[in-house]
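Paired with chain B in one complex and with chain C in the other, chain A is shared by the two complexes that follow.
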Partner chain A sequence: MAPSEVSRGRTLLASVRLAVLQFLADPQWLVPSMIAPVVFGLVAYELFRGSGANFALYAVLGAGMMSMWGQTLYGSGWATGQDRELGTLEPTLSAPTPYLWVVMGRVVWNTVSGLIGGAIVYVVVVASYGRPLSVPNPVGFVLMFVFVIVTLAAVGIVFAAWYVYTRYAGFVQNVGEFAFYVGTGCMFPVILLPFWTNPVSLAFPPTLAVDALRYVSIPGYQGLSWGFWGDVAGALATTAVYLAVAGTVFHRVEKHVLETGNLSEW
Partner chain B sequence: MAAVVASSGPLANRASFWRTLWVNAIFAPRTSLGFMRLDFVLGTVFIIPFTQMLFFAYVANLANNVANSVAYVAVGNAVATVTYSSIFSVCQTTDSEKNNGTMEHLLVSPTSRFALYFGRGLIPILVSLATVAVGLTYAVYVFGAPFAPGAAGPVAISVVLAAFSMVGFGLLLGGVALYLRTSIILGNIFLFLGLLVSGTNFPVANLPLPLQFLGYGLPLTYAVSAVRASLAGAPLSTLGLLWGELALAGLVSYAIAILLWKVFERRALATGSIARF
Partner chain C sequence: MSNGIAIETRGVHRSFSSRKGFLFNEVVATEALRGVDLQVPAGEIFGLLGPNGAGKTTLTKILATLLLPTSGQALVLGHNVATEALALRPKIGLVLGGERGLYNRISARENLRYFADLYGLPLARRTGRIDEVLARVGLSDAADRRVEEFSRGMKQKLHIARGILHEPRVLFLDEPTIGLDPKSARETRKLIRGLVAEGVTIFLTTHYMFEAEELCRQIAVLSKGRIVARDTVAGLRRLVGGDRTMELEAYGFEDAEIGRIKGMPGVSRLVAEEFGPRLRLTLRLRTNELLPDELLRQLPGHPELTIRERRTSLEDIYLDLVEEEAN
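Up next is the complex of A and B:
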């Protein structure tokens, strides 16, 4: 293994470890990203009451998805902002390992903590439902769930990159929260949205990934017309584009810092 | 000499009260209140109500439940958006003071606490009014909520009372937050809890009894009821009762807020540590 790869792997692990330790020191940040999904899950469950067992799955999947979205939007989006606020952006960027690996470590942990939030949402909603929810294809469900996490992480990395160049990160996070939930069809099939919104929705890999997850989990689900494999292919393609964009932006950020020696003013 | 007597008498206190109220009203949005930047305020007033209502409207549409129609859900969420400025913004005032290291100075100040905290709530009250007004406009014109003839006056009264009461509740949470490390969790809990227990998306009666009790402890529940009844053109006798409940909930919130501040202030002065972040 080349020395640079070793260094990147170590950086990734160290970044994950630090993110975990920071989370354990102050775990309150799971609460904001968890309360809303639990509440939305219970509200949806109450609204869906009497509409059939499949609708309880909508509530659980939707709430779990929202929990992970919350962590992506707030946690991963803030992965770069925290460096800027603490004044550690330039020193971190001057380290020999590409900054992207540091951010990726934070994003990995944020996604995992979002998954914990999703599991808690599942327990709360299922406890309200009174009996466990069954999915016809548990293996496919788990695989697709992991796939959804990967697509969310890709979005998180792009947000982290984008937030380097904007003063409106907080605005996007807070004001855009419901817009993301609506646009990606967290709690309902995205085909219910007007046709003209589809290009925007489909630009986000989680939209396609969640649609695919519903195809696996909900019997008789009618989602996007191209079906399960079309969703998977689309999500893979958009995720690859997101990762490429993030890599390019972070490369540009590093170049910018080396040229100006400063990223705190933007 | 007479002037000296006047300036140290009750008149001087009154002048100090209004000055404190006004100074806090205009400075707090730029200093201690959270999310009071212009872009946030515009987003809170125009974007959040629409996207929140849209989200729950689609969920209600998918559920196809006659009792909790899209219009019903839209009105509830239009009122619930009041919590963004009234609770989330206001309760962070304590955090900001601690974070900026100004809490100690505030606690030793002889100024009227009511003027101080109510003054800080004035701009959020105005933002809350605008948020609910815009939200209800969306509810009626986009989501098809009913608007009875002659309902404009009662709706306006309900909205004003809702804004005052909810800011009182935000101040109450700010008082609790004085004892906590941060108010973010508290703000988030009550920001979203109202969507579940306050009759925003379905009647409070659908909830288990403990959650019903919790719901009736929040001013938002009375605010949602008052606005729904006003929009439906309920008689004044019904509205009077709902307005009375809403006003009472607001007054109780302000009273508890002041009480909490006094209790924690005493504790802060005794321990010398509570005011630290």
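Up next is the complex of A and C:
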């Protein structure tokens, strides 16, 4: 009954399904995915209140990014770390489908749940504000919001490879998390950071995508000097690079773990 | 690879390097396999027997494409495990067993469905096949319960169900009964016998001689990364030939006494073990001449001495083999 060709799309769907089932099976997920956005939204609203005409927008962007980035960027890597811990990494890797497609499925799920988090933030802030937000370019806003998520997901895939590579990935990530969060300008615009951090920040597509999102949604925003389209072009280019290397990185990592034999370590 | 051979290895070596210490990272190399040559005939249960740390899991993982050999070659169903892993994987199943390796929060059925998709099981057959394997391992009633509620034995059955889901032609079972209660272990062995009746080749590792003896036609004994014996169960028995085993028990023996017994003609092996206050000497004798009376004469002053002759078991041979290698 062994098939000659195993469908990658089917692996991806199976992986999404597994992620959803595990999410539903474990109530602890409600905290980061559903409650955190509410808290972020409320805190951001209070924080930005009185800081200019567009403060509600700032709150949505800040809190929205905060609730999304973790989910989307690290969710997939975290799930791989979980595979290591459960001991499911070995059976999964011994299946005839490349592990990359399992990760892709998780990325899809994390993207969707990241978007839900963003939507919750939006609702919370609007409810606190008491009237609808005036977004100058709603279509552009939504498009760029999704775009940011896609760039986060692209980096997330490469991060997941790191989790296959070593059991220390979680530790390294926890240390790097904060730096990354600041570096990509999720919390405040990168332009406020010291100059030397820029080349590092710009290597991450979400940096540019977040800046583009601010350009679209905040009237009079002054971000990176090359402006909105420069941001979009840069983010697209860097995202493409990440996606292109993801396949190679996974292939290498899978080979590496078969050489070192550290798959069952956790 | 000749016909009828499912697995063949030539000079398989595998070493691991692990790091010790924190600041002064000392790299320690472990040679888990030191040149393994094996041929496993198709359609039967082959037993790889060895104590803890012998290299059984390492060899199993290499054959199942989860680990690369450091050197040497391994072919499974004619595929080189190092270079043709993707082509080989759909044709083999791996059961590493243990408590880990399952998604605990979801049901047994969902676990199987996930892996059915990863193995590309035909969609039309998916549900039917999952029901089939669940029934096969006796988990039909528990199919929709979360795996975290399962006992050790049930988890082991689910591991096996996953291993056979895609109807592999070769199934690797790494210590499938370890940690199981006697009843579950018996059920598992029965299941394994049933599989081979259907034509599946089974590569089984164990550190119980009786298990290998019960299930396998051919056995290889692995010790410290080397195959120290390879034969059919009947052949291993012949290896013992007319050997006799005698057990002497007393409240302690002098070193000089032990030396004297060791030096008696026909004594090929002597193992001393403590049993509470008593010391037991197990002797392997290659002669019929040596009689208990002669032994008694060598050991005056042990009124409480008991001498017992018993059939040499495969377990005895196994321990002999493994210990010879260690010395």
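Everything that follows uses one rule, which is that the second predicted complex is superposed on the first by the 224 of 266 C-alpha atoms of A that agree within 3 Å, B and C clash if a C-alpha of one lies under 4 Å from a C-alpha of the other, contacts with A are read in each partner's own complex, and residues count from 1 in each chain.
Please note the rule applied: a contact is a pair of C-beta atoms (placed from the backbone, for glycine too) under 8 Å apart; a residue touches a chain by one contact, two chains touch by 3 or more.
Because the structure is predicted, anything quoted here is derived from the model rather than measured.
> Touching A:E46, do we find chain B (first), chain C (second), both, or neither?
After superposing on A, A:E46 lies in contact with chain B but is clear of chain C.
> In the superposed arrangement, does A:T248 touch chain B (first), chain C (second), both or neither?
neither
> Is A:Q22 contacted by the first partner chain B, the second partner chain C, both or neither?
A:Q22 sits against chain C, while chain B stays out of touch.
> When the two structures are overlaid on chain A, which partner does A:N137 contact: first (chain B), second (chain C), both, or neither?
Neither partner.
> Based on the superposed arrangement, let me know which partner A:I35 touches: chain B (first), chain C (second), both, or neither?
first
> Scan A:Q222 for contacts with chain B and chain C and give back first, second, both or neither.
neither
> Let me test your reading of the model: by the given contact rule, A:F55 touches which partner, first (chain B), second (chain C), both or neither?
A:F55 contacts chain B only, not chain C.
> Between chain B and chain C, which residues of chain A are contacted by each of them?
Looking at chain A, the two contact sets are disjoint.
> Can you tell me which positions in chain A touch chain C when the two form their complex?
That would be residues 1-3, 5-7, 10-11, 13-14, 17-18, 21-22, 25-26, 86-88, 90-97, 102, 258-261, 263 of chain A.
> Once bound in the complex, which stretches of chain C touch chain A?
14, 16, 58, 61, 64-68, 86, 89-91, 94, 96, 98, 100-106, 110, 113-115, 117-122, 125, 129, 146, 162, 166-168
> Which part of chain A faces chain B closely enough to touch in the complex?
Counting only chain A, the residues touching chain B are 28, 31-32, 35-36, 39-40, 42-44, 46-51, 55, 58, 168, 170-171, 174-175, 177-179, 181-182, 187-189, 192-193.
> In the complex formed with chain A, which residues of chain B make contact?
35, 37, 39-40, 43-44, 47-48, 51-52, 54-56, 58-65, 68, 73, 182, 184-185, 188-189, 191-193, 195-196, 201-202, 206
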